[in-house]
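The structures considered in this document are given below.
What follows is subunit A paired twice: with subunit B in the first complex and subunit C in the second.
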Partner chain A sequence: MNLRKFLLVRSWQILLTFFIVLTLLFILFRMAPGDPLSTIADPLMTQEEVEILKAQFGLDQPLHRQYVLYLWNFMKGEFGTSFHYRQPVVQILADRLPKTALLFTTVTILYALAGISLGKILAWKRGSLLDTGMSFLGLLTHTFFLPWLALLMIWIFGYHLGWFPLNGIVSPEIWLDPESGLFLKVLDVLHHMALPMAVLFLTHFGGYTLVMRSTMLETLREDYILTARAKGLPERVIRNRHAAPNASLPVVTSLGLSLAFSINGGALTETIFSWPGLGRELVSSVAHGDYPLAQAAFLLIAAFVLVSNLLVDIIYAYLDPRIRY
Partner chain B sequence: MSGPATDSSKGKDSHGEYHKPGIHWLRHLGENWAIYRRNPMGMAGLGLLVMFALMALASFIPPLVDPMYHPMSGVDPEIDRSLGPTARHWLGTDFMGRDILSQLLTGARVAFLIGVSAAFMAVAIGTLVGMVAGYFGRAVDTLLMRLADIVMVLPGLLVILILSSVFGQLSVWNLVIIVGLLKWAGVSRVIRSQTLSLKVRPYVEAAKVAGASHSRILLRHILPNVLPLSFLYMTFGVTSAILIEAALSFLGFGDPSTVSWGMMLQWIWKTGHMFRAPYWLLPPGICISLITLSFYLVGRAMDEVLNPRLRKEVLEQ
Partner chain C sequence: MNFKLNSKPAFWRLLLVGLAVLVGEAAWAAGAGLLKVGLMEEPKTLNVFGAKDVWAAKVLLFSYQRLYYRDPSGHELIPWLAAEKAVWDPQSKSVTFRLRDAQWDDGTAFTSEDVVFTAQLITRFRIPAYWNNWEFVERVEAPDPKTVRLTLKRPMAILWERTLTSIVVQKKRWKPLLDKAEQMLQEGVRAQEALGKSKEEAYRLALAKPLEFLTTHPVTKPESLGPFTLQQWQKGAYIHMARNERFFGLGKQIEGQDVGPFVEGIIFKIYGNTDTAVLALKKGDIDYLWWGIESGYLEDLKGNPNIRMFSALKGGYRYLGFNLRKPPMSDLAFRHAVAFLVDKDFVIQRILHGQGCRLDTLIQPDNVQYCLGNPPKYGQDLSWKERVEKAKSILKEAGYSWEVEPVGGNFPGQFSVQGKGLRLPGAQPVGPLNLLTPPADYDAQRAQTGNLIQQWLRDFGVPVQWRPMAFAALSKKVESDRDFEMFVSGWGALGQDPDYLRSFFHSKADVVGGKNFCCYRNPEFDRLADLQAETMDLEKRRELVMQLQQLLMRDLPYIPLYVPMNLEAVRTDKFSGWVEMPGGIGNLWTFLKVRPRKK
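What follows is the complex of A and B.
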């Protein structure tokens, strides 16, 4: 299968998956107990506002017409108005998406790379003190309950030592001050990012390290490694050029498979650190009974997971020549 | 296994011979236990699990001693705020004077209950789907595996959040069912590939020739052979069910009729005690993390028993 065909097939599957999720969400919200109107109209809205919404979402029409309207509204990016913020849902989400992407993408790249390079070294030095110690540490942090680790980190590094801010994404005194330059502002965001990133990093890198370590151990028993040794290649070259690229393929696969799981962790982290991203918005909209916002935030996160999966596929195709050619 | 074609014609008596190789893991339980025992990490995990099981059993005791030790409704008449450990309350009290130790013990019970039953649901569905997909192949296979793909990319916790926004607070049992419905996909893929390799084995062919029905082949010949794998995946499933329940309770969407470790953490967080009550912050987090670790260690050790390829002496040759 060549690369183009592979990616076309995957994109098609991803679109189909998204469509199914979209449909399931429609069914779910129509199954909700009570008046379906309550899921799109705030009890505090005026009669006129409610009538407009009713017409827009076709609540006075048969179910199949409602479904078509639902899809049409989705295509137009029309998700209604948030009960809590009294703003169009799209505006709110457009503000939250980049913040989630910033935190999540940075930390995912970091722990994937750390897992691959650490696992590579541990497998190479298997049985050593470093191997035993780091494998155990990776396993331990991997099983830490994320919210608890976050609370511990806030308590120790935020409250006790005072090294990092307790929550939020920026300090208003720096961002509102016209004197402070771009560098200072970026530094401020990074300062706020440190703790949530550390929490996500610690709970994730261990899993990838262990996967990389075990696939690397298997790869090292392959005949072509023996050949490389017989040719008298330096150890470093055998490790980095011959063994590691092949061994890292399963790590990339597990990166794709565990994205959904990492998104859960991301939502918890955002909530605890008041990081104004999609996950926190979903959690708080569910708590507020803000249905339009909850629904749209969920769809956007689902799309985010699916697109990330496609990216992982592209990376995989790039790394595995059997797919590329 | 000798002469499948001739034996199968003899009928039911010798028929029994054919699935026996499949359940040889049961007959070799002692031998497997000997392999398991050689794994110190696996034994540590098992030891921890026994400890948590004892905690769950012990949770029935405190309310019997005195109603003030009831994890939900028991309030110490002399204490109305969170205090550190004393002789009356070995781990201290929470923000309204309830005993932390008895909450912790009840949490163990809830974790086992939810973890094991949700994992059982997930594994039962996954095994059934995997066997059917692998055995019948073609369109059935494609359809079921595409469905598994979709379920697998859904972030479970957020799906449950959306469900609780529509249906309101979810009870423990609803949660168990939903986690089961969200977590079967991974198991089904493993069981499917195992079924694919089993269905072309001579004894399955022989059963077919002898006129066994599909359901008989699935139940008597395939199922006993995939069960060890299902059991292995159940240990991993327990972990993810416990974590989902804990996370959900932590966010404030847990079943309010019972106390769980996640809920204890939520109370600490929401009442702002995390900066001043380490005696309260540490126990529930350590328990969730350790129970996760122990199921994981047991699962890995069982994996080594079932896959000799993974054993240390093989890997490090």
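What follows is the complex of A and C.
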């Protein structure tokens, strides 16, 4: 199969999967117990007012008609209006997505790079004190309960030492001060990113380190590494040019998916650090039965994951000459 | 070499501290004079007709004002945008009042046209959550720019507490939107009539589109008649409100109250969880956390000399509800027996850790005007043993029997002989009965209360099964399917007007979508409830509402349980003047009276 044909087949598969996700989301939200209006209607509203709200949100229509409208709107690129925000969901997602991407995509790249580099070194120095110590540390931090670690970090570095802000994305005092320049504002955002990034880094880098270490150890047992050594190549070249690229193949797959999933943020991290991203919104919209917002958020994640999968397949073929489509 | 190795960490440490100091100093300098308030979430929208969340209500409180507002004691309505008390004329079924001299924040004069316009907008488009306060108003007139006259279709007592305390929007700002919505409505009505719908049906069906237009219209800066005006909303981070220099009360006395605001502005900071918000309060990042704090934080905060705690009853209550469609809940004797077995004081001490108030009627105790003064307090002065004996005697008298008759012990919940197999008067076994509650992660107090009641009833011989479930599932079972036996739930944000009793217990509300979940049907209650709704004389209405409560406490469709306390915390080192009202210190008066402490 050549690449063009492969891409064509995969695109069809992606479209079909996306349609299934689209339909499943519609069904699942309607099957969930409870009435989305129950969190909107206050106890003093009359029955007639609740009926008006229902008609306004289109919930008075039969399910099949709601489904057809949902598909039709999707084809037109309309995802509806959030029940709670009373805004088009596209606007809400457009506001939240960059903030999530800023934090989570940055830290995902950082911990993946750190994990790959460290895993490579640990495998190379297997059995050393560094290997034992870092493997243990990676395993330990990987098992930390994220909310606990986050609160601990806030308590130590935010509250007691006062080095970092407790939460949020910016300090109003700086952003409201007309004398604050762009540099200070950028610095302020970075300052706010530091703690959540540290927590995410600590809880995730260990996973990448251990996977990379493990695949690297396998690769180092390959014949071509022995050949490289026999050729008298320097150790650094064998490690970085011959072993590491092959060992990193499974990590690349994992990284691709992690990057795709990074856009859904982490509801826990975003809640604890009051980071105004997509993850917190996703949980809140599901909890409150905000169908349009929850559906659109899940569809966005599905689209990212499907496209990332395709990209990973292509990159895989690029990295490993043995794989051809 | 040594110098190089050691200088790296030192450099980074210096950089880090420098960064913290730089950013921290700038933050300190810019933030002086502003009241910093913590919120748990940001408003969903600032469109006052689209907003349904508590966070929007908090922020909009400072912009949209009401004709009448509660005084700081919380017991009396005082003229706010109105300049005088409204006088009811029973002949013409109207009230007339004059307005204060006031200006919107853009300098436009506030006139009676704004009030007339607001009423027109709400009634024409039947705006949910507002329309119920206006639907009985036949017309609103502006005889002159400072006089308003409301004429009612029929007398409705909620006029005082709900209609006249409804918000007013600016005609200048909303008129173009109303015109466009009206056009949509007309087009919609024509389209529906062309399909053969009746005039009213066509109007009702055509409402959805203009209503959607009005409630989704983006409002980034709400017009303000109030003490503060919105300056900036940095989504997800903060909201900045500055003092409105055109506020009608600024520096004056209103109804004997000194009115500010005395602070330059408010910054609302958003916290996603209580842990971080409490740390922010302790650290001094915020001066007031506008959200109830759980009792678990009390000890920690009490030890801080710069923090003061306030406690007030929350605006709502918790109750045990029965499904009167099913035996034995349909039997008054059974409900009375359960009332004797539910030890509310024990619940408050053990589950609420004392942070609650016993409730013996269905109007909150801090609603001094309407709360029944001396309601029946089932079992209050009895020991546990006596409670069990009393419940047994009530059931025996009604013809119930047991396989094994229970005998109460010396402590609440203790039985020296556990009961088994309660039988109905016809000797049929009772049950099994489900007792539904929300889950502990939604409301631990309600869940634990349900568990405790289950234990008491089981040991008494009633086969009850406690079933915590997701709140949405509970709502469906109770409100839509009516498929339940007993449930522990609550009402919040009921306000001061007692007309909600009519919504909850009138037989007309025993329909799908209605709020009479329990199927309480009592013609005498219906008659009194309808009568109080139309009684404009407050004293006469008060008597009727007392009678309603007596009926409810005799018939017990709900067993009222408790009102939880609202614990709030403020920093005392920078500001003073917090005003305690029913519901807590988060009220307009606090923000009108709070002032920086003199150094």
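For the reader, a short list of remarks on this structure follows.
Everything below uses one rule, namely that the second predicted complex is superposed on the first by the 211 of 325 C-alpha atoms of A that agree within 3 Å, B and C clash if a C-alpha of one lies under 4 Å from a C-alpha of the other, contacts with A are read in each partner's own complex, and residues count from 1 in each chain.
Quick note on the criterion: a contact is a pair of C-beta atoms (placed from the backbone, for glycine too) under 8 Å apart; a residue touches a chain by one contact, two chains touch by 3 or more.
Remember, it's a predicted structure, so these values are computed and weren't measured experimentally.
Of the two partner chains, neither subunit B nor subunit C is touched by A:Met193.
By the touch criterion defined above, A:Gly289 reaches both subunit B and subunit C. With both structures placed on the common chain, the touch criterion links A:Val50 to subunit C but leaves subunit B unconnected. In the superposition on chain A, A:Trp148 makes contact with subunit B only, while subunit C stays out of contact range. When both complexes are overlaid on chain A, the residue A:Ala32 reaches subunit B and subunit C alike. Judged by the touch definition given at the top, the superposed model places A:Thr271 against both subunit B and subunit C. In the superposition on chain A, A:Ala260 makes contact with subunit B only, while subunit C stays out of contact range.
Of the two partner chains placed by the overlay, only subunit B lies in contact with A:Ile301; subunit C stays clear of it.
Shared-chain residue A:Val312: touches no atom of subunit B or subunit C. On subunit A, the patch touched by subunit B and the patch touched by subunit C overlap at residues 32-33, 151, 154-155, 159, 271-272, 289.
Within the complex, the subunit C residues that touch subunit A are 16-17, 19-20, 22-24, 26-31, 42, 44-45, 47, 50-53, 126, 128-129, 131-132, 135, 162, 204-205, 207-208, 211-212, 215-216, 218, 232, 234-238, 240, 267, 269-273, 275-276, 279-280, 282-283, 285, 470-473, 475-476, 479-480, 491-495, 500, 503, 509, 511, 513-515.
Across the complex, subunit B is touched by residues 13, 17, 20-21, 25, 28-29, 31-33, 39, 126-127, 139-140, 143-149, 151-152, 154-155, 159, 214, 217-218, 221, 257, 259-261, 263-264, 267-268, 271-272, 279, 282-283, 285-287, 289, 291, 294-295, 298, 301-302, 305-306, 309 of subunit A. Against subunit C, the residues of subunit A that register as touching in their complex are 32-35, 38, 40-53, 55-56, 58, 81-82, 84-87, 95-96, 99, 151, 154-155, 158-159, 162-177, 180, 184, 187-188, 191, 270-277, 280, 289. Remark: subunit B residues 146, 149-150, 152-159, 161-168, 243-244, 246-247, 250-253, 262, 265, 268-269, 274-275, 278, 281, 284-285, 288-290, 292-293, 296, 315-317 touch subunit A in the complex.
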